[in-house]
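The following pair of complexes shares a single chain, subunit A, combined with subunit B in the former and subunit C in the latter.
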Partner chain A sequence: MLAQALPHTDQPPWVRKVLLSHEGVLAVLLVAETVVFSFLGRNFWGAQNSGEMVRLSAEIGLLALAMTPVIVTGGIDLSVGSLMGLSAVLFGKLWRDAHLPIAVAALATLGIGALCGLLNATLITRLRIPPLIVTLGSFSLFRGLAEGITSATDNFTNFPERFLFLGQGYFFGGVPAQGPIFLAAAVAFWLLLHRTAVGRSLYAIGFSAEGARHAGIPVERRLGLVYLLSGLTASLAAIVYVSHNGQAKADAGTGYELRAITAVVLGGTSIFGGRGRILGTLLGLWAIVVLQQGLLLSDGPAELAGILVGVLLIVAIAANRLLRKGE
Partner chain B sequence: MRILGLMLGAALLALVGCDKASGGGGPTASGKQITVAMMPKSKGNAYFIACKKGADEAAKELGVKLIWDGPTDPDPAGQNAIVDGWITRGVDVIAVAVENREGMSSVLKKARAKGIKVVTWDADTTADAREVFVNQATPDGIAKTLVDHAARLLGGKGEYAIITASLTAGNMVEWQKAIDKYNKEKFPDLKMVALRPCDDKQKQAFDEANNILNAHKTCKLLMAICSPAMPGAAEAVEQSGRTDVKVIGLGLPNDNKVFVKKGITEAVVLWKTADLGYLAVQAAVAVHKGTLKAGDKTFSGGRLQNLEFQGDNLLLGIPFTFDKTNIDGFDF
Partner chain C sequence: MIARYKRELSVATALGLLLLVLAVAAPSFFGADNLRAIGVSNAPVLVAAIGMTLVILTRQIDISIGSQFSICGVVAGLLAKEGIPAPVVALATLALGALFGAVNGALVAGLRLPSIVVTLATLVTWRESLRWITEGETVRNLPETFLWLGMGRPAGQAFIVISSLVLLALVAWGLRMLPAGRAVYAVGSDAEAARLAGIRPRRVVFGVFVLMGVLAALAALLTAIQFRNAQTNEGAGLELKVIAAAVVGGVAISGGRGTLIGAFIGVLLLGAISPALVFLKAEPYWEKAVQGAIILIAVATDAINLRQRKDVGASLAAH
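== the complex of A and B ==
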């Protein structure tokens, strides 16, 4: 398949275009990784592992999906990993200590996540503090609250089987239960970003917030929406995480914000805003997950994953730059 | 959209490939080399690195493939993800030092459901998620070793004080009770005069040890039963200049080497970490072969013979004492 797809001059122009796009480069990388690990890894090539990789990537994937519109507006949300910790702990508290039914506790947790996102948004839009600084503050604040509530030691466990299915169960014997959640979130964010006027306005804001304001776009409300969605998605990721691991502790999601940002940036979204696509984010995410899982299944040292993800990021971005120069 | 087409093509190819790898997680066919996947709480910890030495030794003796992997820092989610990977990869037996009892339980049950045998070592998960727990030390074994040392150093009678981590932590309370029981049974003239918590902090152990030395002039022995307390107590004894007071306790050789050499600390009690790793691999392989089951009475594996069980816990045996004659041979 790879050989056929190489850019020959006699091929239709769209093949060239696809291969020269950032997503095209990533897709080739992804196929290359898949081929390599199919040979090196045990049971890498197959449905079971595909399912496991979906499971492995669901939490960070959710964060990355919500991070894409944030970065498209030229912003950043560093607080999502910490918000996962806070959401996990509050979810555990609501369920175990407040004796709420698990579904009600989950809904309340989503509400809290949205509120936390709104807090970020308010500080960014009303007080005009740069997103990096606001979310660096809430990064510390949310984790601190999570640790404070539990004295950093309390651990919520023994969740009902019904709930654990969400993170550990399978549909039709092979599709991880979090798969449909992730798919729904991916479709929702794709529609928002690429098929609505709101989505288009986010790109305009990313290019120039002032310009967008002059063009009559309600910049504050749009920014409010993306940070609110980011918070909401972080708490959804937390619920999936708790169900997946069977425990809710203050350390949930530590470092996930950077992994999500890596996936987004690897996916071709410009950190300066104005450019980026959901498909790119998905490809970036999978390029990282395939690499990590592939190394694990070929008994490679886990530390190598960190190095290779770094190399991958730099190579992909450099390739993107070089290809764009040629245009 | 065209890229989507490309991806769809790749996905289709992946699906075609499914048949080849179906039934991936199951045990390998008999006759093939056994793969043991073994996990420490964290890879960087010197204690676990010392355990790995024994694990490697046992793997070599038994001719099995040993995969050693774990999170860099103690992290239940990290342990989970790696075990999940091992299930997909298809290993024969998994041996885990569990960071979080409940947090690991469901993924280990999933492994068992796929036909992979599971043992735990160093720290246990819930009993229904593994075959056996390789237990390095029981409260009774620890208590006996410590009190015997105390009695030997004090000549069978006198006063001693305990510095513990906390007055509420489960294992600490268990150990302290076992010490009290064995002491009263065997050495009625040996008397504990103080029990102080140090919150697992060396500085606080130092302060508590000072208080004890001042308040109980006739107390000749400090027994520190958590690892930060040992060097803390020894430091306090050294600074007080009291050469008649000795320190014993549970700790790591490296923390206490200087004090052992100065003659302040007489006995550092722990287990041979290499033996723990060795036994974990021996037990894992035996469980896989079916020669070791929960409910057995004794187990022999390689150089460790006739080890006893307590319920479904396989016991490493009585703890080991590091003192000035042997402590230089250990580095953890």
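== the complex of A and C ==
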């Protein structure tokens, strides 16, 4: 379709297709950022910086990966940042006060995260309350529980070395320990969304929930799965966060939900559902992280990253809108 | 009449129950000082909730108001410190709010971009701009003429509460009686039908966003005159608080349904939680948990009622 709009070019059609796709534009942006910061930033290409960027992106990246299928179904999950706080606090409680071995405490925390996701899912699917409202309520509930349990002051520290390795250590001298976790999660969500029938059905639901139901898709079960995975991933992000920072407080993950949503939407997932890819989310995430880290290393103002991300977000959706009008 | 205001009545009942418990367990809650404190601290929330209710009624949302609020509060403080008279400061702040609202409105109504993404972007952009310019520095020592608008504390407090209630009454009346008010409901119920009926939906949406900006600025002003210092992060999280109040009060996120009275009761209910916990000798740290539980219970009750009346296929996955 675009080929008809631009008939006289010498490039093979796939070049145009890639360059004009949302992911293509983001990839170009990412390369541009990298080039600029290679000149401006000190040690931008150093191994330490690459490791630091993986660390920075792991927690929000995990949330963004799980947020992608949620938004693909036309939903949203505002509660994930708060759930990180609740998971971090409960994880600390289980380990320090209930004297559970750290691995058992971590597993139990993942279970709690899944249960909290299930609570969202139940309200959304059984009572048919809009996801925005349900997760706005649990956004407040989860953070409030975390603050109540710790009286908003208790701080869990002195975690064992072995556990801190997960967030602070390196494999083979250079690969940050949370790298493989993030990679595994990315592959898992990519497989789910792009290589399974369940993934296809999520697009159908996002496109038209009613239509999907008529086509025989168990809409409630599919949506339930998506919000359950979102809760589970939020508690995984919380465990990585605790290990990374060496402490667990009620304020863990504050504001992360909006950052994750930003990465997903910048990555080309439509907020109305039915459209979006894991690759786009990863590119959106990295575009933000490289911008933040690059400005840091070139002594630029840190706030400029936020301002540029805001502007980029609007440009991205506006461009998307105009491009699709042409189709 | 009762069926029409069922949602408002059920929230009012919840508020009544809370007040009843307080009357029995902690009558000192109804002391004049405490009631005045609750009124003054929630008046700005009410002002912002009025704007948010209109935005939600047109089926849009504005999550950038916390950042608008912060900037307007700081700008008002800086202007006041320059020795500019309070009325001029107020006008300039409201104009700035209108400008912020117009940016959101132009992007949403003009370019037809989804409001949740647009206002997410402006939330981040305005907040970081403020942080960059002020470097997080608090505006200290606001002049006496600006504090309580120079009226002194008691009169200033009365002014804040009364002006927010008058505004509520005015906008509620306008929403029911003026063509512009009916247009807000019409656009939120069905924009295409509204267009065919001669309403211009995009103008209505633009206007509502501008009004939201003005009211966010007014809320910031009503807060700024209460304190000696203007914090740069004063408005952080205001958006979700205000949306929660509107939703608890029965304003439907799908647009076209809800009243300002409901939003008002929602503000009162959520605003009473924190002082109620203090008076009931519970730890105040549970405030957000109780608020969250109230939001979920309120919308769940409403959903169950709705299903009983008729099995409405309220769009499952829509926002």
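Quick note on the criterion: the second predicted complex is superposed on the first by the 314 of 327 C-alpha atoms of A that agree within 3 Å, B and C clash if a C-alpha of one lies under 4 Å from a C-alpha of the other, contacts with A are read in each partner's own complex, and residues count from 1 in each chain.
Here is the rule we use: a residue touches a chain if its C-beta (ideal position, glycine included) is under 8 Å from a C-beta of that chain, and two chains touch if they have at least 3 such contacts.
Since this is a predicted model, take the numbers as computed values, not measurements.
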Touching partner for A:55 - first (subunit B), second (subunit C), both, neither: first
Touched partner set for A:235, first subunit B, second subunit C, both or neither: neither
Touching partner for A:21 - first (subunit B), second (subunit C), both, neither: first
Contacts of A:135 with subunit B and subunit C, given as first, second, both or neither: neither
Which superposed partner A:223 touches (first subunit B, second subunit C, both, neither): second
First (subunit B), second (subunit C), both or neither touched by A:310: second
Which superposed partner A:157 touches (first subunit B, second subunit C, both, neither): first
Which of subunit B and subunit C A:269 touches, first, second, both or neither: neither
Which superposed partner A:46 touches (first subunit B, second subunit C, both, neither): first
Contact residues common to both interfaces of subunit A (with subunit B and with subunit C): 301, 303
List of subunit A residues in touch with subunit B within their complex: 1, 5, 14, 18, 21, 23-24, 27, 30-31, 34, 38, 41-50, 52, 55-56, 155, 157-158, 164, 168, 241, 244-247, 249, 251-252, 254, 279, 293, 296-297, 299, 301-303
Subunit A contact footprint on subunit C (complex, rising order): 61, 107, 111-114, 116-118, 120-125, 127-129, 131-132, 240, 243-244, 247, 253-254, 283, 285-293, 295-296, 299-300, 303-304, 307, 313-319
Touching residues on subunit B, where the partner in the complex is subunit A: 2-4, 6-7, 9-10, 13-15, 17-18, 20-22, 24-25, 67, 69, 72, 75-77, 80-82, 84-90, 100, 102-103, 105-107, 110
Touch list for subunit A against partner subunit C, complex: 73-76, 78, 123-125, 127-134, 136-145, 147-148, 150-152, 205-206, 209-210, 219, 223, 258, 261-262, 265, 271-273, 301, 303-307, 309-311, 313-314, 317-318, 321
